Amino acid sequence: MDIKVGLAAIEEASKTLSNWGRWGKDDQIGTLNIVTPEDVVEAAKLIRRGKAFSLGIPLDRDGPQTGLFGGRFNPIHQMLATGTDAIAGQQDWNRVRYADDTLMLCVQGATHWDALGHIFYQTKAYNGHDARLIDSRGLSVLGIEHSRDRMNGRGVLLDIARHRGIDWLADGEAISNDELDACAKAQGVEIRRADFVIIRTGQMERCMAEGEWGGYAGGDAPGVRFENCYWCHDKNIAAICTDTWGVEVRPNETTEANQPWHWVVIPAMGLCMGEIFHLKELAEDCAKDGTYEFFFCGPPLVITGATGSPINPQAIK
Amino acid sequence: MDIKVGLAAIEEASKTLSNWGRWGKDDQIGTLNIVTPEDVVEAAKLIRRGKAFSLGIPLDRDGPQTGLFGGRFNPIHQMLATGTDAIAGQQDWNRVRYADDTLMLCVQGATHWDALGHIFYQTKAYNGHDARLIDSRGLSVLGIEHSRDRMNGRGVLLDIARHRGIDWLADGEAISNDELDACAKAQGVEIRRADFVIIRTGQMERCMAEGEWGGYAGGDAPGVRFENCYWCHDKNIAAICTDTWGVEVRPNETTEANQPWHWVVIPAMGLCMGEIFHLKELAEDCAKDGTYEFFFCGPPLVITGATGSPINPQAIK
Amino acid sequence: MDIKVGLAAIEEASKTLSNWGRWGKDDQIGTLNIVTPEDVVEAAKLIRRGKAFSLGIPLDRDGPQTGLFGGRFNPIHQMLATGTDAIAGQQDWNRVRYADDTLMLCVQGATHWDALGHIFYQTKAYNGHDARLIDSRGLSVLGIEHSRDRMNGRGVLLDIARHRGIDWLADGEAISNDELDACAKAQGVEIRRADFVIIRTGQMERCMAEGEWGGYAGGDAPGVRFENCYWCHDKNIAAICTDTWGVEVRPNETTEANQPWHWVVIPAMGLCMGEIFHLKELAEDCAKDGTYEFFFCGPPLVITGATGSPINPQAIK
Amino acid sequence: MDIKVGLAAIEEASKTLSNWGRWGKDDQIGTLNIVTPEDVVEAAKLIRRGKAFSLGIPLDRDGPQTGLFGGRFNPIHQMLATGTDAIAGQQDWNRVRYADDTLMLCVQGATHWDALGHIFYQTKAYNGHDARLIDSRGLSVLGIEHSRDRMNGRGVLLDIARHRGIDWLADGEAISNDELDACAKAQGVEIRRADFVIIRTGQMERCMAEGEWGGYAGGDAPGVRFENCYWCHDKNIAAICTDTWGVEVRPNETTEANQPWHWVVIPAMGLCMGEIFHLKELAEDCAKDGTYEFFFCGPPLVITGATGSPINPQAIK
């Protein structure tokens, strides 16, 4: 496609691709509605070897956050009770020896889903919900809890880096719709209605190889072009996921908007989106057995009124 | 079985049922080793209708915690950016309108897995690991991260409350091994090697019906007898889960130990355990279609060195 | 005074008592401007016995919060390193044995100052600052940090409960301006310009005696009448503090506004306000020695952009 | 003094300088016992101009922590309610427009006191208290709460950087006892029994001038020599404070112990210690008026069982 990315293109795409009302005026889950029970049954048949891949990165202080994007920080894990307490006899009054702990994290700070209340266009969230309903008490609409039993279906990996024959795409390198199609064709896999499409750029593996996250969270990245919103709509997919922090290419294709693709796919389309997916082992396995489709199960935590959820999605072949 | 529950019985069961070394001296995941890839493939065939049930309770301030058990508290969800900020124009410098948020929670405060480093017997954790290795910096052994891709398999619901013909078991009511077997038989389902067995007492539904959690977290509860550790071992199951906070009956069958069944099943057996499961809709569906088996997928978050993980397991039929 | 408390009375008081512009259009600290260096020098002369009283309540899980008022919770104190770790040898690699810890708390959840950005009237905060400037990133105006070196001066205790000859005022009992004057007179102390006036109702001591906080935080309480805003203005005091959570009487004198006195004293007057002060020992000492004035030093933490600060004010006689 | 710093010197100093039992076997506050009411009365006479200096650094994300020393992080300030919510009408159901917030921080992450339970020598804390009593539930002995009303007295600034005629000491530069005495003499101020001695190295100002904290928290620093423990004991001071993270020079004078001076002054002496003090304005004023003594009031928060407290101490001249 030949799009001059900017506010006008965002407005046009928002109108053209709008799913407002498509699944009723009260809908809270957008493109996840596309997945039917039959799709789940069919997807289950992709479990042929019984091998699961965990797509979540570790939640700890070594995560990618550096304070960008409004102060996101890495997970803070703290103990409430320890084996050293137990050994010291400090728990014996309670007649049980145990460890216990807490976790504080940014919901979108590591591998996660975006909820549909994460991004607004002007004064509105997806399906016309008023952005005012998303205040300091949380999301009274479009929170991640609505997707609690809907993150199951057919997963497909599009390994763009391998398709290009490289270890990883450089920051700023864009992925076109044509390249997605060509990659699928080369991999011998078809993108179908209701798929959970997972795109591998290799950026995370580059960071791991270099031993530092650099601008991984909030900075530059390889990713899809703005035109990808049309592709997702045409393919009628359930979700799109990547091994980057924000799916789309950065620097963005315009300076008129920050994350222009997001402006469209969440508020207008209600597209389910997963970010910071760990794809190394899955991608190696797909390259090895030539099978790029699998059963996908990525349940979000049921966090009431949250803009997303930390997750550890399973790709099961 | 006829067991006089107490420290002596714990010691005997710990010796008799020990899985130390069964899966190698470095093993970190215990009974999850029982599940083979073939088991996962077979379990996938149970996805016949494409209907998923979410077994996680909401993570919010209305959770069951009241400060018992060393100060556990309910999840604290806070915003980093809101729709009201967006509407007020406070984000326009950033050229994107969005909401973002954080979550602080007790790892075991709502629906969760216990990791094998959660409970010690004397100075040792499962597989002989030294409890000293579980200190204020977290679990350097037996953390939940080791199970990141192993929580998939055949799930079976044993609906004890329905089997008894009641809405819920009262606090203090115990479930024997014989009753588990009788329930399975009555339900027409077989407990097999490698199963994720889920027991419904109805206690959570009682709390919800009464509009208050009461002693739900840390207090009295219906649950399995101490003898259940033998049943789990004999059946060679992968995991046991319940709709209570601690699986076993409370008040406990002895005053010599707090949670005597835990003393055995985690440190000696390395049994995977899930607690505070929300079972209402799943149980209603099983009663309706008469099918008590399903594909189970309950991935933990990959929290480095944690005693467990908040989860939203999926039971898919 | 004879005021029919309600929105009209709030509007009138807001106009009559406004301090907007009194200390310049950029002022951030309101009535703290009243305190001059000479006032501090004079106040220091009240340190005659060298006896200090700590007015802060303990910061721990036993605090007054119960989730009211938007989800306030009690302080959560967690360890990062412990003596049990040290004893177990887990710190020896670092060649130092130590304990370390964290604290999470609601800024206004225990003994605290309100910052002037805490309450708005319509769309404005004190001195005409736009309420929009107080967003999810914090207070870009009127934060507590501006008062970092200004919380020093003459303190005066008005012990209303003792003045009435009772242990504590009941919830809902109101304190009039006349009673404040009569109490001061009976105590032989004069309320002067620039004073930090501290009012004792005894409510906190009632809660401690009864062993439960009940509605202490966010519920009913004894306190000053709405008319008190005029008294504070006439006396030209620097600050007003109490042993209740919200200074003013509850149930409020109107249903048209929640905390009507707050609507005036913070946004219109810029009055510095302290709440949840622990006054038992100070009050006993004042009753004993007949001296109700003292040096007051209550420095806030320098929390950038906060609506207040937890404090442990010192009353030094 | 000519000391070969190492484990032997630590052991010798621990014996020679021990204050165990000096103030009773149950004592929890160590050298703060030295301050008498008369000392406070005398110190109050130093308030001659009514000018207060705030010695606390801002508590925000721009603080010095970088994860060293067991995972310390900078303060996390989050809103519970905002002006943008108010403007959007989201609070009108509650009939009050307000902002509210929370703070999560490391107790010792910015300007703070160390409590006496912060450091151990072998298996003991100050006064012979067992280190086992400091576990994951907090400090059941020697917590900061015991000092709630004792942090008041005569403050003295020793401006070592100005004394040397430089802006700041470089990392690794050590301050001897003789230099402290020479500095006091040159400044025309006497170090007396019961003083709160505050040493300025200028390190913090260097970091601010350079726009980065670098190794400020946990890394190299200028500071006192190990021999300083003898000086503090001889002078019989109440407390020692600096504008560095750990008072003593780093790299340390030995590799046998990390922070060898700490090993002695806290467990053996029970010396009160303040760190990360902001001294720029106070030091400039002292240089200007030639007066290096003042009233010092640095109340800790009453955090039950904490290893210290964030503070904003006041130096009042």
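Per-chain residue numbering starts at 1, and chain names A, B, C and D are given in the order in which the chains are listed.
Just so we're on the same page, a residue touches a chain if its C-beta (ideal position, glycine included) is under 8 Å from a C-beta of that chain, and two chains touch if they have at least 3 such contacts.
These numbers were taken from a predicted model, which means no experiment stands behind them.
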Equivalent-chain rotation between chain C and chain A, CA atoms, steps of 5 degrees: 180
Same or different residue numbers at the chain B/chain D copy interface, by half rule: same
Between chain B and chain C, centroid-to-centroid distance (C-alpha), Å: 45
Numbers and ranges of chain A residues touching at least 2 other chains: 70-71, 78-85, 87-88, 90, 102, 104, 132, 135-137
Arrangement of touching chains [line / ring / star / complete / other]: complete
Footprint of chain D on chain B - complex, ascending: 70-71, 78-80, 82-85, 87-88, 90, 102, 104, 136-137
In the complex with chain A, residue positions of chain B that touch it: 36-41, 44-45, 47-54, 56-60, 69-72, 75, 77-84, 86-87, 94-108, 111, 117-123, 125, 130-139, 145, 148-150, 152, 256-259, 262-263, 295, 297-308, 310-314, 316
